[in-house]
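Each of the next two complexes has chain A plus one more chain, namely chain B in the first and chain C in the second.
Moving on, here comes the complex of A and B:
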């Protein structure tokens, strides 16, 4: 691999600082968090008394954490579907030599440039329901256009169906608004990588446009879809800032997510043990998704 | 390229080491580093006035405010915790008097007792306040201001137009509330985004149902959380929820106060910082808005207080003590409180500096039973408070009295055994 010993030393030395930093600040602290999650640490001063799984027992029996897991589940499903379907659709439209294509591409991609905090605050204003008789935001538009029957509480609505809190809908919309443009950009790149010859060959064989998309283009976009899904899932599992600024925990934890729960348990309640346990659960959820993906891409690299 | 790389990485390593070394060298300047989250509005003005007094008395000491902005100081608390854990405390820091200070820092052995500040002036502070700031017979912080939590603010015009009497008990409250509701006015405004505003209303119901001693006993284990009194309080609170604005969870406390100012709601139960909000909107006390003690709370002064303590290992201990002496002094408190909109913790301050509401609060403060507030760190540790807030968040939506009571019992059990 290396032409000389000297070259090896050079590479080794230049990688060493990063390697050490990652070892300490990433892997070291992961281990430390796991250790804290087994401790009885309540209060601001560290207490490493072993309590084994009692923090985990506490969080899994707490109603709040159960709601968090359901919320994460539904948020992920809806957020992913909207981003993937919406992004793909936009990409296909833009790929069809539309006039002003680059203008639209930039408009759709622009929300990505905004921080989640800004998105959260802006969408909070938009969906703030106001009061009966003095609606604000979307409700104001609805009442001004004679659609006052559609006004409702948005993220202040505590209702739920089979563990799905309707208050999550505005949050999903805000998150999807921000990241659909990103999936679109990914798909656009994928579409431009598909050689024209393949499409033409399919057309020669008498395939209709829809058939070309279904049988030729979509399968060729599969690797893109996989990357998109992985990136979006990891955003969705650890989402914090958007929800925190937009709705907070919401009525009856309708929009609570593990990230917010962890933050409040740790830094407001000084319940470091339980906070660490929540982080570890989030970490495991994430690992269940990321590790198979890494293995998959490693295997592909070897080939 | 071959030679450049190792040279580059070595330089990088050297640079990191150098930065680390230079930041270790501490210079002993004549400073006073205070950690507070008073960064805006009246409280920042009050702090400025107090700093002015401090600089006049102690020329040559540089005052450094390591403030972190943000509401009830949630960001500040996280930064403070990091510094305290790292053995680099500020010279003094703002903290809610009571268990927020005691359970977090005093029990951990991070604070110095400061009884000496109070020598010869113990009689200037009410006993109820000294109890709240003491742990095992020693005093650990200087309360600069006193806020009252159990105040009900109401719109005078709404009450006059509907010929209603301001309710003094919860039964009267429900009678008045029914009449207001019939007129299409939401009786009680709550802005419980972040839940603590609901916790405050619930506290006043607890005081009303259990009485001052019963309420105090909740935090020491003498009053059982599964007692009938507590269950009655939860039921009453759930009933109150039927009379509040529907968008309560989208609002903050000041937006709820605005609903009262606009006459869309008739009353709100909020700490007396609400007065500062009303006056800042140009409303006149006793003309546009009125105040009463929360229903059933007569004779109880539910307080919260910002205080300063002395961390062990403060870099400029002597200066910190000068600061604490100023915080405890008549001069310092008179400079701070009128601007902040709170009363002094001393009972000998000049009444004429304070407005009409604060004067009435001063009268009550000197004769009432002084009780600690849960929502603002005085009654219980932050760990206990967040558990109670979690229970409240579910209670406000699902209104399940039994489940909430079980939650409170569990929170008390976990917190009292420590």
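Moving on, here comes the complex of A and C:
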């Protein structure tokens, strides 16, 4: 659509600042982080002595980072499952003529407008177990309703089963509280795009309501499920603020995640080389998921 | 017949009672933290006791809020000083980028766009160390300007994406007509596209405002000085402090959430649009 060389130059020059900024702040900085991860930088003053993979060896042999990876794994699985199942269920329930529909939708979605820091502060008090004999939070409700048998330490519990730290459960609940509404909104948008006639046709063929959802609606929602999963994995792989404010690292790193480990190693412990190595691992995990997705969705857009 | 069928299908097999029961239980779960923040914040200092933390206040007192405001007021201002310029600058640059990438396609724009887009998916931890070094080098480390610059740059992928999708819907004939009328590149942008881009701007501005206001990692890394910290960092410090009473922490949390909550309540429709746009058209 360019009519002249002058216009091409103008367009090119207008995109240039963004392009240069992204080139430096995203790609340049990532390369620089990789460089730092191969360095012996410990302490306030930068030190770029090349040490090959020694930082990576250090973090992968450290118990804390191994716990981090397991925690990320379990957190991701549970967080995604709850958000997708809960969001889909709420969307199906709301996708009909219903009194108070928009009120319900707004209630389920408002946590998205709130900072993870606020979420962390609120849920920390909700799950704060209190002392023996003077329970607080959920434990207080349990003891007052005669369910004191169900009281436990929540995020202060160091126990684990097969690398799964139970202290993660409250953190997963808080994260799901924040993002289930988002999943619901995505599914609602998808459901509203499915013509009523499709349901009617399936119904005419004698399909039950559950069959219609399982065989017809859910497959049509698959692209949305993919988008939702990508966004949620993206959040869970880099999660920092929610866990940092709600529980911190927890007892014996029970709720530690790579994001916290990286931040504390780098900016509290001045172990820049190791911090950079952790962030490179985080970057690689993310890139493995995001790059194929981006290519896939851009190719689809072209069609 | 058709009408009858439609009604029938919309109602489905789940009985109304079950439907409402589930929705109300879910609402209770979603409102629980807000309930706790609100009732705790409204209790007078004498009444604040962990053993009655779930009960409604007997008398309404604004004491906790007053203390929270007193402690967090400078940080609340910082958040506004940070969020407003960063939001508008990133929205404006995003509009120009979106316009160019949707309407002035040239060789290479098919490569440039995904390269820009990728920037919104990286874990920011992986650019944090060079970012701090860079801001130190240009003497913006520890300042709100440094934080504004950071939010503008890392906001560009999403603002560009939303505007690109928005302008893609504008018919090409409109651009061609303005070219025939003699408008150049910027003439077309300012006289033809900008006047019809208000809905796009609303979505982008709400999205950026919410994200920058709520952001924590950049803020805690780039502004170590308490006097210039945005409210999220100040709230985290308040909540981590042993000497600050928990009712003040709760009031502070509500205070920090209030601006974005108000935006959500007033402009919720646009907020949802941004939410859906932000997830890359699937």
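Observations, loosely collected:
Quick note on the criterion: the second predicted complex is superposed on the first by the 294 of 303 C-alpha atoms of A that agree within 3 Å, B and C clash if a C-alpha of one lies under 4 Å from a C-alpha of the other, contacts with A are read in each partner's own complex, and residues count from 1 in each chain.
In the analysis below, a contact is a pair of C-beta atoms (placed from the backbone, for glycine too) under 8 Å apart; a residue touches a chain by one contact, two chains touch by 3 or more.
Please read all numbers here as calculations on a predicted model, not as lab measurements.
Within the superposed three-chain model, A:280 lies in touch with chain C and out of touch with chain B [touch as defined at top]. In the overlay built on the shared chain, the residue A:221 is in contact with neither chain B nor chain C.
In the superposition on chain A, A:46 makes contact with both chain B and chain C. Look at A:156: by the touch rule set out above, it reaches chain B but stays clear of chain C.
Comparing chain B with chain C, the partner in contact with more residues of chain A is C. In the overlay built on the shared chain, the residue A:59 is in contact with neither chain B nor chain C.
Residue contacts after overlaying the shared chain place A:126 against chain C, while chain B stays out of touching range.
Of the two partner chains placed by the overlay, only chain B lies in contact with A:265; chain C stays clear of it.
With both structures placed on the common chain, the touch criterion links A:82 to neither chain B nor chain C. By the touch criterion defined above, A:297 reaches chain C but does not reach chain B.
Annotation: chain A residues 6-7, 10-11, 14, 17, 46, 130, 134, 267 touch chain B in one complex and chain C in the other.
Those residues of chain B lying in contact with chain A across their complex are 2, 5-6, 8-10, 12-13, 16, 74, 77-78, 81, 84-85, 103-105, 107-108, 110, 193-195, 245-247, 249-250, 259, 264, 381-383, 385-387, 390, 393-394, 396-398, 418.
Those residues of chain A lying in contact with chain B across their complex are 6-7, 9-11, 13-14, 16-17, 42-46, 62-64, 128-134, 153, 155-156, 158, 248-254, 264-265, 267-271. Interface residues of chain A, counted against chain C in their complex, comprise 1-3, 6-8, 10-12, 14-15, 17-19, 21-22, 24-30, 32-33, 36, 46, 86, 89-90, 93-94, 96-98, 100, 104, 106-126, 130, 134, 136-137, 140-141, 177, 181-182, 185-186, 189, 196, 199-200, 203, 208-210, 223-224, 226-228, 231, 234, 237-238, 240-241, 244-245, 258-259, 262-263, 266-267, 272, 275-276, 278-280, 282-283, 286, 290-291, 294-295, 297-298, 300-301.
Of all residues in chain C, only 5-6, 9-14, 19, 22-23, 26-27, 29-34, 36-37, 40, 50-51, 53-54, 93, 96-97, 100-101, 103-106, 112-119, 121-131, 133-134, 153-154, 156-157, 160, 172, 175-176, 179, 184-186, 210, 213-217, 220-221, 232, 235-236, 239-240, 246, 249-250, 252-254, 256-257, 260-261, 263-265, 268, 271-272, 275-276, 279-282 touch chain A in the complex they form.
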